[in-house]
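Consider the two complexes below, in which chain A is the common component and chain B and chain C are the respective partners.
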Partner chain A sequence: MAGQVTSTGRTSELSNLQFALLMALPVLLFLVLVVAYPLGYALWMSFQQIVFFGGYRTNFVGLANYATMLGDDKFWWSIWVTVRFTVESVLLAMAIGLALALLLNRPMRRPGLIRTIIMLPWCVSLYGTGIMFSYLATGQTGFATAIAFFFGADRPVSFVNRQWVIEVLAIGNAWNMAPLVAFFLLANLKTIPTRLYDLAAIDRMSPLETFWNVTLPPLRFTLFVFTCITTVLSMKLFDFIFVLSGGGPGTASAVMTYQIYKISFRDLNLGYGAAQSFVLLFLIVGSTMTLYALWGRREAAR
Partner chain B sequence: MAGIRLDHLKKSFGAFTAVQDLDLDVTDGEFLVLLGPSGCGKTTTLNCIAGLETPSAGRILFDGRDVTSDPPHSRNIAMVFQSALLYPHMTAAANIEASLRRSDLAPEERRRRIDDAVSMLEIGDLLDKLPSEMSGGQRQRVATAKAIVRQPTAFLLDEPLSALDAALRMTLRAEIVNLQKRLGSTTVFVTHDQVEAMTMGDRIAVMNGGRLEQIGTPSEIYERPRSLFVAGFVGSPPMNLIRGEVADGVFAAGELRVPLAAAPGPVTLGVRPQHLHVRAEGGLPCAIFALERLGRETVLIVEDRARNRLRLLVEAEFEGRVGDPLDVAPDPARCLLFDDASGLIHAPAN
Partner chain C sequence: MQRRMTLWAWLGIAVAVVWTLLPIYWFLKMSLLTPDEIARFPPPLVPLDPTPAAYFNIFGFDYQVTPELVRRASGQAGQIINGLINSLIVSIVVTAITMLVVVPLAYVFARLDFRFKQALLITILLSVALPPVSTLIPFYALYVQLGLAGTRFGLIVVTLTITIPFVTWMLIGYLRNLPPVERLARVDGYTRLETLVFIVIPLARSGIAVAAVIAFLFAWNEYTYALVLVNGTPANTLATALSGFLFQHPEPSHLAAALVVSILPPVLVAYFLQRHIAEMNLVDPIR
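This part shows the complex of A and B:
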């Protein structure tokens, strides 16, 4: 009976799928406009050789841009720099975020004020962070120089050098990101019943075991989410690095975004730049998918 | 195993005092039940013994050794928390094993203890489940298993049977007592269920409003409750308490007269339902208010002319309808008298 009623009624109604499509139409149009079109255009560019001088023209070169990459040392170097910068940024952001969260979760006198102060770095733009860390890390104005001079040294200490510039970048990036991580972790920490710590005490767990078995489990999903977010943000980071080190010294901090910028807008080799952007895109998608497969699936199952 | 002594224990939360001046001696190997209504400080007392709360005053001694300021992990306690607390991300099996993490038992012995606990509490098919996938009663059983696999100084069990069905509760009551007697382990068992207290405890400590009302064997508590509170709290159906006055060796309350040799003055008469009898005539005239048939016997609730309710136990076959008139009279030899200030002042000699 009921089936009949709905099936006859359906002639004048939309099915669920049709309705959903109709409702989603504006969003789909928007996405096509702002995502699919530029993406498609970039893909098209990556198969072209684009010439500006002597009259703008494009020559179809097939996979030649991609083939060039294989033998391009600068390209491989930029991948390595990106990976190193990303891994360090993620580890630092998670570690600092976790430490801040644990600190904020302790009873204290002015929790609101302290939380606000700790949140501040996140409110600074990456551009500003870049300028600040550039001052802090270089020899003439740096933090390390000040300390060294205090202890009687007479030569400035700079960390913006081939050996340490990536770490300086990673620290600055993590400094900017960690407060947000800390706040989400703090929200998780607040949900842990204090009796659970009593249970751990009764079970005679060591502080480390207690951390591992009581504190960490409710944080793991948040840690996973922020590991993904920080990975993506670090891989596509540009302005901060541009301001702080400009890819230097030499090519020491030439991450992929910087390399793409240089190829596309200084060398004006738009086709090759577009091809490298696609490699970066796949690197980003690939690493988040790997993270999900190795880690996220387990956390989501909980 | 050890004896536990609480010496003038006091615990306040801010201005509120949850436990006051508590003196308690749990002898080595004893099964002591802490009985009391909700909020009387049972859990707080247990937490102090475990070291999870720091007493505001007083001392806690294990075998004469002062452990008041020792942290929980140095006290070697096994505990079932009231809320059947388990690690939420661990399976039942992992939760139980977490108890034995710090023990120096041989692997076979561990296995045997876990297997014993699992079969006793009938949780074999729960072992791979997470706490969030279990019912409240199942969680309680896993939490109990987690506690009993240990070889602690003392077991502290906070209402471990409260969420179980009647049949399982009855089985586990006997199982827990049996296990406790076999291991000879000092046990403090918290409950607000007086049947549980009566059936399980070597002794019962009745608490009320953060204070100890009375401590004694189940029959002492039942036969000679020291205060009106204990008299009303222990026993099911509860004792009848009738306010009245003694004059010239006779207790009088409304139309009720009971010959009792006691000092004159205002008192409360206490009589258990089984000691209140139906009379053809000459007793207190009442009318039937309700009949509760329990199968083996029947609880008769009657109302006198002043609308006071009384309960009496009659045989299962008792015939009567709501509203029927009848006379009731207490057995004078089984009546207790209580004074508001000093508690029990008259009890039958036995």
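This part shows the complex of A and C:
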């Protein structure tokens, strides 16, 4: 051991910053290459008109792509659909996640098996979830139809229609995200000392009061963080929606990611798509900042 | 809280299990139906005559139901097998590269203090927020010019932009909560690199295993990039092979069987994840 001290004495004098750079620099370079560079490139593209046919060409058009957006009804509609889908998904995912966590925190038989089952949806791919829910919710093959006929109905029950498609999407998305929320909340719940529940019982608190005063306080920061995470995940979600509804029926579920996909890779209008993708990125970052300002800052200071 | 399980708790667990398993059951059921049963309306709640034919068909085998009745192999079996192989290659390579890159990166962020740390951390968290559709636009333009569209290599590079930031974030939270071993290692004469390789990594192996599993899951479940970059090319993954089925609707039981095959690896790791996922602290790095 003593020999090692002398032989390695020189390198261990590296400062934290130097060591950090040595470890992280190659990686950060890679991240810059695969994240920052495409972002910059996309920003540049959003000022161009890009032509694929007859050879790849770009024409500088300044802010024209952004100006087009202002008068584009589909763009404004997609923002509204995204907001509605995101709010519903987040509320559902957080509520279901919390309920699952409280349930899993109780003593039970075969906890490993039950927890594995509860974990499953998060492991299933989003496109897989999309395929499953499309078959589950449409009239021809749906679960609701099977149940309705069991009770004597005579026509299919479908939820993939203009009125309900966003709710179907939000439920499917919540189905997929809730386990992640549940397992992190569960970890928090386990840290609450049993003694506190005994004290609450001595104080004759009702179950609701116990939940509000004993269970909830230590969960609050985690709840905030996962509200942010589920918001980001819902706003940037594409594959699930693409598979389940393809933005339809009509444009009923054309969220921003779907619009961007369609503009960029169907219409091959990459400049306009890039411009819209910056609006989406701005919305994502903006909503997490807003959540932090309104809620997170208070919780973090607690 | 050594309370007895009440009726309500039982009911709650029953509801949670049904909620979770219903979509999966509905599909599992569909993969076992005969073509007649699938065409039937209203859809049956249970397969009356379950047959594993679809699982043989999607891998290119005929299935003898009765001496007269043979269910023919799927015409897309080649795509499915090819997709399965590509998915495995891409996922394994992505996982390996991700772990090589992420462990030192997360270690540095979790255990050392240095200038610009906060700003760099925010950059990593921000890149988690990037929508895949936006990242795709520049990559697509670039790949078209470089001829990388439709290659596994191209897909691997793009997929790393999802796995690296997220897994780094998870591991930072995990590594922060390890006991403070660095000083002791220093006293024993280890350099920082040796500390990382010989002390921290063995100590953190369960967290690193969880991170690797999650990287694999993300790569395995990736669809958006594959749809645009490799769909319809020899580099197609299982996900895009499936969507080929979905949009052509030749045989729903084949789609269902292929989907069940695609969720097998995730189901196998669910038991492992439910025990360990909460060790990965997503909350700490933000606080």
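List of remarks:
FYI, the second predicted complex is superposed on the first by the 275 of 302 C-alpha atoms of A that agree within 3 Å, B and C clash if a C-alpha of one lies under 4 Å from a C-alpha of the other, contacts with A are read in each partner's own complex, and residues count from 1 in each chain.
We adopt the following convention: contacts are C-beta pairs under 8 Å (C-beta built on N, C-alpha and C of every residue); 3 or more make two chains touch, one makes a residue touch a chain.
The structure presented is a predicted model; accordingly, all values stated were derived computationally and were not measured.
Look at chain A after the overlay: chain B and chain C fit there side by side. By the touch criterion defined above, A:110 reaches neither chain B nor chain C. The larger set of touched chain A residues comes from C, when the choice is between chain B and chain C. Once the two complexes are overlaid on the shared chain, A:127 sits against chain C while remaining clear of chain B.
When the shared chain is aligned, chain C comes close enough to touch A:229, but chain B does not. Legend: residue contacts after superposition of the two complexes on their common chain; A:266 is shown touching neither chain B nor chain C.
After overlaying the two complexes on the shared chain, residue contacts for A:203 are found with chain B alone; chain C is out of touch. In the superposition on chain A, contact is made by A:288 with chain C only, not with chain B.
Measuring only between alpha carbons, the smallest separation of chain B from chain C in this overlay is 11 Å. Residues of chain A that lie in the contact sets of both chain B and chain C are absent, per the superposition on chain A.
Residues 193, 195-196, 198-199, 201-205, 209, 213-214, 217-218, 302 of chain A are the ones touching chain B in the complex. For chain A in complex with chain C, the residues that touch the partner chain are 1-2, 4-5, 8, 11-12, 14-17, 19-20, 23-24, 26-28, 30-31, 34-35, 37-39, 41-42, 45, 50, 52, 56, 96, 99-100, 103, 105-109, 112, 114-129, 131-133, 135-136, 140-143, 145-150, 156, 172, 175, 180, 183-184, 186-187, 194, 197, 221-222, 225-226, 228-229, 232, 235-236, 238-239, 242-243, 257, 260-261, 264-265, 270, 273-274, 277-278, 280-281, 284-285, 288, 300.
Residues 1-3, 5, 9, 12-13, 16-17, 19-24, 26-27, 30, 41-45, 101-102, 104-105, 107-109, 112-115, 117, 120, 123-124, 126-142, 144-145, 157-158, 160-161, 164-165, 186, 188-194, 196, 217, 220-224, 227-228, 239, 242-243, 246, 252, 255, 259, 262-263, 266-267, 269-271, 273-275, 277-279, 282-283, 286-287 of chain C are the ones touching chain A in the complex.
Taken in their complex, chain B has these residues touching chain A: 47, 50-52, 71-73, 76-79, 81, 83, 85-90, 98-99, 101-102.
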